[in-house]
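Below are two complexes that have chain A in common, paired first with chain B and then with chain C.
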Partner chain A sequence: MSMVLDIVVMGLIKGSIYALLAISFSLIFGVARIVNIAHTAFYMVAAYCIYTATHYLGWHPVPAMLIAIVISILLGMITYKLVLNPIREHEGAVLIATMAIAMIFQEIMTLAFTGTYLSVPNLIDGFIEILGVKVFNQQLLTLGSAVVVMVLLVLFLFKTKLGLALRSTAQDREVANLMGINESKVAMITMGIAIGLAGFAGAIVVPLEILEPHMWTTPLVMMMAVVVLGGLGSLKGSFVAAYIMGFTEASVVFLSPQGAFLKVSVALLIMIIVLLIRPEGLFGVYFEEER
Partner chain B sequence: MLLEVSNVSVWYDKAMLINNVSMGVDQGELVSLVGPNGAGKSTLLRTITGLVAWEKELKKRSTHGEIKLEGQITFDGERIDKVPAHEIVRRGLILAPERRRPFKEMTVIDNLMVGAYLIRDKANIEENLEKVYQLFPVLKERSHQVSGTLSGGEQQMLAVGRALMSRPTVLLLDEPSLGLAPRVIAAIFGVLDELRHEGLSILLVEQDAAVALRHADRGYVMRTGRVVRAGTAGELLADDGVREIYLGPRHGSEG
Partner chain C sequence: MKLILFYLRKLLAVVRNEVLVLPSRVAVIIFFLFILLLPSFTDDVYILRVFTLTCIFAIFAASWDLLCGFTGQLNFGHALFFGVGAYSAALMNIHWQLAPWFSIPLGALVAVAAGLTVGIPALRLKGTYLALTTMAFPIIVIGLIFTFPGFTGGELGISGIQKLAPTRIEEYYVISILMLVLCTIMWKITDSNTGIIFHAIREDEIAVRASGVNTTRYKLLAFCLSGFFAGLAGGLYAHFMRIVGPSTLDVSLSFQVVIWSIFGGAATIYGPVAAVFFLYPTLELFHLIQDYRTIVFAIVVLLVLIFMPDGLFRWLREKVEEECPRCKVRNVAWRKTCRVCTASLE
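And now, the complex of A and B:
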């Protein structure tokens, strides 16, 4: 029984982080048509920002988190403007460029912080007991804030004018343009918001994770798997698939601790099986052809 | 003229799609631009609304060919051929594009709201919405339906409604009758007549010259990128040459 609860807690946390990452990745892909391989590298940068602020500058973790998110948003927009916008129509170049950005971030972090494993203090200490299982307050905080931000994102997309611009640009950027939406500007804003979300994911997960310069690779694989499993372009699909992957990972870790290193493989295997049955993914949508 | 196209030519790679075209629309006129498949009608509308120039910029940054543009387009006395596509609608010019192109996964009301994107005043938006609902009551009934599930006729009404939400001075329409039943075509043309009587200027592209010219003040006939005939609707309807251009490659409208 207690193991079930352990799995639920870890599955929810992992799932929420993957959901944040996959949804923000899908936003960039949908609106700006950029496959952002560097997505989780921004998540890593945010985590290191928090480490720097709390460890070297002695800041409280909360302002450190806020600054990390702001830096992520700015980095995202600058990267878009300087690197991605000029090559946006060239899919191959975008792939290589975003991969290069991820490697650059990784190397910068290695130079600055070496490869040692670091950690960041919890925002809140302590734990509560649910049905005899220790659940750390930090875990609940991470989970709660992830859910709140996802709700805010949905409200933003469906209740604001800018959200309307994002959605229509994602569906048909030429017609959006015709209606007075500056699609290039919308793409840049989307990049800022989405990288901000990736940074936020990094910020809330960093107290629970080990900080090191390769911490972006496993989440990248999982995030891509989530996007494909949910159906490319479907935010709802990303959301559902994220929790499927999160629970799979948690189940592997708790059910066979000695096989924990297989968690990613098992999750990917599930993805492959689903795709064999439904090649378009769980909520696959067809894409609007452009002309 | 209110909208004036002068000596415009467009090349996609080596192919000349628009060949030195001059034409125009005056205040309050309904002008029909007709011609067979591939004549360049849609390309001309896309040139006027800045989409060709936009595509040209995109192509510069990709490896898929290039576009060349020449000539001059003025609207209300000002040049608009260098104005970016997303600024054109602000000037009062809007296109209901070929194949309707609704935002398929969005609701009818959201589609209409995108049409009113540049309007800041909520009361103005409400007023435009009332007007569109009054012209196309079916859009009101379906306002919360996802637009991809509308019928072809309803999607065309949505495309026109979405364009009208911006309160244009000139409405450009690309083949609104495409694939629709005669009854639905009649309803849409009824609305166009009504809009024209209210003073809206309309540039209508159609393959079916007879229908398009019957509702028009003037017309232009295009073929392989050129304007080959121009005149009043009556003149063109009576012109044997026009009939020949049509009856040759394509006869009648879709069934």
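And now, the complex of A and C:
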């Protein structure tokens, strides 16, 4: 029984983090048509900002988190303006530009903090017992704040004017432009929001994870898998797929002896099997190819 | 004697009229000579080692270009073929004591099987979808390698693989000549009928299917060919480094090959090869500033991209050569009239 609860807690946390990352990634892809490989690099940058603020400057973790999110948003917008905007028409160039950005961040972090494993103190200490299983308050906090942010995001997208502009640009860029939506401004705002979400995911997950300069690659792969599994550009799909992946990972870790090595493989295998049956993903719409 | 003189004169005429008139062809000749004569300038083991690895990665990058640049099947997990080729060559060499001459081609065949495994699900996916999905395959294999450390060596990898050739110079010649031959073959493939179909699939798959071509077969063929060449590169790498670890399947290697190819100019074959020969040794030269070299590399790539998004070498070629508007023959950019049909190039 305790193992089931362990799986549920870990699956929910992993799933929420993947959902945040995947939804923000799909937002950029949908609106600006940018495949942002550097997405999880911003998540790493936010985590390191928190480490710097709490460890070297002695700040309380909450302002550190806020500053980290603001810094990652600014960095995201600057990279968009300086690097991605001039080459947006060239699909391949955008791909390697974002790869190069991710590598630059990774190297800066290696230079600044060396490659050693670091950790950040919990925001709140202590644990509560649910059905005889210890659940740390930090885990509950991470879970709760992820859910709150997702609800806010949905409200933003479906209830505000800017959200409508974002969704219509994602649906048809040219027509949105004709309707008076400033497409490049919307793309810029989307980049800011999405990077902010990635930074937020990094900020809330950092007390539970180990900090190192390569920490962005595994979430990147899982995030891509979630996006593909759910269907590119489908927010509902990303949400459901994130929890599928999260629970798969958690069950493999707890149920199989070599789980820590196999968790990603099994999750990706599930993605490939689903794709064989439904090539457009779980909730994807099969777009007629643009010609 | 007269016959030999005749052929010599014919060769000279071809060189003068067809090769020397175009800077890109001269560059290719110089490149071949440089590769073949390099050991006579230096017998420094370190330099030879750098250039041997460069040759291996050049094959690898060109194979990515064959699949992704030409056929448009964007593959972000190309390290799968490299790693599978390397691991199978290493395992066959260690367990069955096969000589490199058998283990490398057999390893490449295993990589072809890997190409089919990726290719079949990939048939139903397109563009970005495909790119994101293919990233998954090498990571699945890494998971398997870590799970069975007894057979695969786990994190440490397999060591004690047989040497390719007794000395460094011999190894250099084996690998560099193979590189020249394989890249020429790949370039010929892209120039053949098959290559034209590959190119057409990238541009408009529905139109190709409407013209009565079985695109499924050609897409799988592209995956197999690309897997074969990448697997050969992997096998060569295994026998050259004499150790194969999980780093051959790493995400960063998959990204590296994408960076090389697009940096040099995708869908050209010569672009990726030239890019590897430009970037890899330069990166090695930076070993004096070890800590900063990856960041310098990334910044150089970014800057080149912002100013020449079509790739460095394609941009250079466009600068020094232009196509005659009438007969579509390439000319040096500073000629006033076409060298074949004398149409004005102004």
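The definition used in the following text is that the second predicted complex is superposed on the first by the 283 of 291 C-alpha atoms of A that agree within 3 Å, B and C clash if a C-alpha of one lies under 4 Å from a C-alpha of the other, contacts with A are read in each partner's own complex, and residues count from 1 in each chain.
Keep in mind that, in the parts below, a residue touches a chain if its C-beta (ideal position, glycine included) is under 8 Å from a C-beta of that chain, and two chains touch if they have at least 3 such contacts.
The structure displayed is predicted, hence computed values, not measured ones.
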{"item": "Contacts of A:L66 with chain B and chain C, given as first, second, both or neither", "value": "neither"}
{"item": "Contacts of A:P279 with chain B and chain C, given as first, second, both or neither", "value": "second"}
{"item": "Partner chain in contact with A:I270 - chain B first, chain C second, else both or neither", "value": "neither"}
{"item": "Superposition-derived comparison: chain B or chain C, residues of chain A touched", "value": "C"}
{"item": "Touching partner for A:V175 - first (chain B), second (chain C), both, neither", "value": "first"}
{"item": "Partner chain in contact with A:E183 - chain B first, chain C second, else both or neither", "value": "first"}
{"item": "Partner chain in contact with A:V35 - chain B first, chain C second, else both or neither", "value": "second"}
{"item": "Partner chain in contact with A:Q258 - chain B first, chain C second, else both or neither", "value": "second"}
{"item": "Partner chain(s) touched by A:P86 [first = chain B, second = chain C, both, neither]", "value": "both"}
{"item": "Partner chain(s) touched by A:K161 [first = chain B, second = chain C, both, neither]", "value": "first"}
{"item": "Residues of chain A that lie at the interface with chain B and also at the interface with chain C", "value": "86-87, 89-90"}
{"item": "Residue ranges of chain A touching chain B (in the complex, touch as defined)", "value": "86-90, 161, 164-165, 167-168, 171-172, 174-183, 285, 288"}
{"item": "Chain C residues touching chain A - in the complex, by the definition given at the top", "value": "121, 124-126, 128-129, 131-133, 135-137, 139-140, 142-144, 146-147, 204, 206, 251-252, 255, 258-259, 262-263, 266, 291-292, 294-295, 297-299, 301-302, 305-306, 309-310"}
{"item": "Contacting residues of chain B [partner chain A, same complex]", "value": "49, 51, 54, 58-59, 61-64, 84-90, 94-95, 97, 101, 103-106, 110, 113-115, 117-118, 162, 166"}
{"item": "Parts of chain A lying in touch with chain C, wherever the complex brings them together", "value": "29, 35, 37, 83, 86-87, 89-90, 92-93, 95-97, 99-101, 103-104, 106-108, 111, 217, 220-221, 224-225, 227-228, 232, 258, 261-266, 268-269, 271-272, 275-276, 279, 289, 291"}
